[in-house]
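What follows is subunit A paired twice: with subunit B in the first complex and subunit C in the second.
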Partner chain A sequence: MLDLVADDTLANQIKEICGEDVRKCYQCGKCTASCPLSFAMDIKPNQVMRMAQLGLRDVLSSSTIWICASCASCTARCPLDIRISYVMDALREIALKEDVSPKEPNIPLFHKIFCRWVGWLGKLYELGFIMEYKLRSRQLFNDIAMGIKMFLRGKLNPFPSTSPNSEVVRQLMEKTGQK
Partner chain B sequence: MTRIGVFVCWCGANIARTVDVELVAQKASTLPGVVYSTSYLYMCSDPGQALIKDAIRDYNLDRVVVASCSPAMHEPTFRKAVEEGGLNPYFMEMANIREQNSWVHDDRVAATEKAFELIAATVERVKRAQPLEPLGFSVEKKALVIGGGIAGIQAALDIAEAGFKVYLVEKTPSIGGRMAQFDKTFPTLDCAMCILSPKMVDCYRHPNITILSYSEIEEVKGFVGNFEVTIRKKARSVDEKLCTGCGLCIEKCPSKAKSEFDEGVGERKAIYIPFPQAVPLVPVIDREACLWFSKGRCGLCQRVCPTKAIDYSQQDTFIKERFGTIIVATGADVFDPVVYEEYGYGRYPDVITSAQLERIIDPSGPTKGEILRPSDGKHPQSVVFIQCVGSRDEQKGYPYCSRVCCMYTAKHAFLLREHLPNVKLYIFYIDIRAFGKGYEEFVRRVQDELGANYIRGRVGRIYPEKGKLIVQGADTLLGQQVRIEADLVVLATALVPQKDVEELARKLSISTDQYGWLMEAHPKLRPAETMTKGIFIAGTCQFPKDISDSVAQASAAASKAIAILQQEWLYSEPVVARVNKNKCVGCFACKEVCPYSAIEEEALVEQTSGLEKRVAKVNEGLCQGCGNCASACRSQAIDLLGFTSEELIAQLEGLAKVERE
Partner chain C sequence: MKVAYFPGCSLHSTGIEFDISVREVCKALEIDLEEIEGWVCCGATSAHATNHLLSLAMPAYSLALAERMDVQDVVAPCAACFNRLKHAVVLSQQNEETYNKIKELLPIPWENKLRVRNLLDIFSNMLEEISSKVTKPLSDIKLACYYGCLLLRPPHICQFDNPENPQTMDELMKACGAQVVDWAFKTECCGANLTIPRPDLVVELTYRILKSAKTAGADAIVTACPFCHLNLDARQADIHKTKGELFNIPILYFTQILGIALGVPPKKLGLTRHLVDPFLLPALRRR
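Up next is the complex of A and B:
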């Protein structure tokens, strides 16, 4: 059983980060109904909203916040105009800041490596990025067939190149805290 | 020298908690002109009022100041007390030391000082008060009811039964309104037409009721007791006196259009009677669909009519009538769900609204009461209902709850089960609001006995797949996304204000809220009145409500209207604007700012020069005493009685004169 002690710290944190008030939610479930990925989530979008309302921090270790693809179907259809995709962003941010070990560790790892490469070069060096991701996530071979296909079609440049505006991108990354 | 009495109210602890009322009363006695002052626990109570009356007699008072709540609360109470004490009621002024002092301050010392200052100012004002007498008007003993739905019908019958003449004006060709479109009513499952049509016929036969169907309000002038209304009687193209309602014209008419009464599910002819029980039973020609009017040929109806009642040359006519009172019962419209692209209304023929289902269920509807889905005319095996379509939605609809959808959806589930014993029923809901007598029991019955599956959640998407509609929704109690194969999807659409209600409200000088619902004077205590005297509201033009509530409000509005019609004379507050004709320069800036059209023009001949000049004149029946004209007047020629410049400036000076510690 859950000993419920209502706590609006989390709701306030979310509001501060993205401006959305989870307390507005009246649990109609249209977000869950609209979500194309809800089948893969351990708790559903409307349950994320509920947990955020009550301040249950377990929401930060849910798979949902990482599986969310930010397609914003929920946001487009929410009858109360809550931008649920922003709330998901905020929850991810809080989880990272508070070092909550993610239930889907590869997803934040993917984001982190992606940002670092872009920060370095001002654009993505796909091959380097993929190799690093594969090594660090220890999934060396599962996408290899697609990798070969992409290489043959010239989608993977074997050599890195930099963007002429790489300095601007680096500053951008620094400003948003993604180093 | 005036002899003023000051009466300071404790209002229990409401004022006394923050204001030292005894000290205030004591200080007030030192003000110039004040000969008596006291405080009391509840000045508005009987003993409190007796205190005022006795003091007027014992101390020979000629002016009274009551320091208590807002005048909006108890001004009539104290005016009456002062009148009973033998003074003109307008020799009493109130100092508001509750709403404008004790309720909004915490500092007791400062609040006490402020209370005294407010009293000192009011004392200066009341010294300049003039005696005023109420204004009297005669009453036209006839009522106008706008809208011939169940609310309008009920109100018209009530007033007619009380012995007064009523005009019942209806926009569409027949009275009956929304209720006429229903098959059954919740929760008793009474046949709607069986209980409605006797009332419609009563209206038609009642010697005191004149039904003006296919008519609209053109212009409203005047004021309570004496409204002057122009009604536009739209060209029906059929002579109501000659027509016998035989229907031969309808039979022969070759042109068809979508039936408004059947919510577009069925068709009607270009000359039509909306439904078999229509009152009056006289067809109307839809000139857009009619071949004679659009192409100049055909004329079949005219040829077959045995009484020569068809008249293509008919024009709109205007009827001018005087009424003592007006009841507005114009009803509501249904939300258009086409904005919800995810539901596919308008794209998928088997996604329909509840109003359309109502016509499909109705034995006199386009399918003769057989439940056939629009796309292929087959019986549906699986029906999904979606509630709150347009309601409780800030993004695409309206934030409010439409109050009737939970119940009509339960009713639809019940009726579908009755027609199709094996149909699977799914109802997506957020909360079930079954607040009325017998309502909760009805919904329980639909769930328990009739096996309707209530799913707590909303629908995110509807898409076609292999001849079925796939409804993708959420079951928040399961914490799952669910998919349901449906043959028919019914959207429980919100009730929304009528499109043209704002225009009507403007003509009547009554107000609407942010959505377009007509505003009641007070949501709890004056639910059937508007802020304009003599105009009442009933039914769903005020807010969504069910038939029971509409009828109750209609009878309430009727009884208020009867109370006016019974008077020989009406008296109104003499707080009206008055023009000083000598000062008026005839610029009529006042006329532009007057929201009640109360400023008239008057011609004056100056005695010395013999020149004619035009000046403003206030129609005291129309004037509501808002004071707009007085503040707009460039030559200070207008004063609001009871709020004259002299009084108000004295009040300000009184405030300035107080010595502060």
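Up next is the complex of A and C:
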């Protein structure tokens, strides 16, 4: 039988990052019922909450924490007002900090490249960022027809636009320990 | 009315027709948009997915820049930007420790004294004026109003409309003379940025939304978010490929419909930039 005496370390880490207390969850399952992406997750949102309560760190290598699109349906409907989407964010942050190998490696890769481009320019240069992502995830040729159509309609700016305050963004990233 | 304008990155690129139509509509309604000088990316979605404090400090910095202007309101038409700016404001109001942490990070003072609003919020408070300015009502078109996630959720942050059955866009479209359909997917998620790393999931989610709108009898879907627009518009070709169903439903920004109704020439509203051609609709072709 599973030892139900919880190890609070993970719950405390989550609370430290986003202020949410996963121990309040009583497993009604409303988050999973509301989640539009639960069909694609290996561990359902309510199970994520339970694992976080019990301190089961395997949750950090679930596909769920990366598949979650932050739509906040769970958060809007939780009867205990637990902001589950913030818990998901916190779990991602912990997984990155602890170098947990992600089950959906392309999604954290996407976030990392996004933040780097924004750090360089202060704004997102969509074309450059997408090209780098496509190269590094080796998905260069999917979406190419869509990309060309968008380019021809002037929806992908060929030149980056920069903010004069990109240095501030870089400093914010440095001070907050962004990887 | 003068307001600080936060366009965000998408409105200068993939969502350029949103920016174009926002500016036209605001001109017609005498709302003076003054772009925040030196604004930076709000960080959506990657900053909050990886770094809580950074995700609040980035929008707070742009808000601090806006405090130097002579305004009370910051307007962010993009739902994602609106959501992140509101997060910085509300979480700082609710928690002094959070506010102090952000303040310490910023190189300039931030009093957190401005109100962050989206355009639907502003327009829904001037419906009478808008109705009186409608010169070309769109009575021959049926619209599905799609709100998506980030204008509404989480409700403790957005503090806008009814998160389960919102009505502001429906009321605005009715003021433009259009018919609106009652449908079940107006607040469902489109998958947002998963469109790049997991397009298969976005195809699944957008398929359901398009199918629901079509079943309800909509001629077009109206959105308020560049992510939603991109996914619903650009993924229809992939849906055709994988699901065998060709929707060809035009996806429009609410500001484009409002612009047409206010008599702005359609060519000034960026209608030719969509992947699914809005002029497929006889109601728009005639204008």
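As a working rule, the second predicted complex is superposed on the first by the 172 of 179 C-alpha atoms of A that agree within 3 Å, B and C clash if a C-alpha of one lies under 4 Å from a C-alpha of the other, contacts with A are read in each partner's own complex, and residues count from 1 in each chain.
Assume contacts are C-beta pairs under 8 Å (C-beta built on N, C-alpha and C of every residue); 3 or more make two chains touch, one makes a residue touch a chain.
All values reported here derive from a predicted model rather than from experimental measurement.
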#### Entry: Combined model on subunit A: subunit C and subunit B, fit or clash
fit
### Task
Once the structures are superposed on A, label A:26 by its partner contacts, choosing first (subunit B), second (subunit C), both or neither.
first
### Message
Is A:73 touching anything from subunit B or subunit C once the two structures are fitted on A? First, second, both or neither.
### Response
both
### Query
What angle, rounded to a multiple of 10°, is defined by the Cα centres of subunit B, subunit A and subunit C, with the middle one as vertex?
80
### Task
With both structures superposed, pick whichever of subunit B and subunit C touches the larger number of subunit A residues.
C
### Query
Between subunit B (first) and subunit C (second), which, if any, makes contact with A:114: first, second, both or neither?
second
### Message
Touch test for A:38: subunit B only (first), subunit C only (second), both, or neither?
### Response
first
### Query
Does subunit B (first) or subunit C (second) touch A:47, or do both, or does neither?
first
### Message
Between subunit B and subunit C, once the two complexes are placed on the common chain, what is the minimum CA to CA distance in Å?
### Response
5
### Message
After overlaying the two complexes on chain A, where does the subunit B footprint on subunit A coincide with the subunit C footprint?
### Response
39, 73, 81
### subunit A residues touching subunit C - in the complex, by the definition given at the top
17-19, 36-37, 39-40, 67, 69-73, 75-76, 81, 83, 85-86, 89-90, 92-93, 96, 104, 106-112, 114-115, 118, 122-124, 126-127, 130, 133, 137, 142-143, 145-146, 149-150, 153-157, 161, 163-166, 168-169, 171-173, 175-179
### Query
Which part of subunit B faces subunit A closely enough to touch in the complex?
342, 388, 392-397, 430, 456-461, 472-476, 479-481
### Query
Where on subunit C does subunit A make contact in their complex?
9-10, 12-17, 38-41, 43, 45-55, 57-58, 61, 65, 95, 98, 105-107, 149, 152-156, 163-164, 188-189, 191-194, 196-199, 201, 204-205, 234, 237-238, 272-275
### Query
Any idea which subunit A residues touch subunit B in the complex?
26-35, 38-39, 43-44, 46-47, 73, 77-81
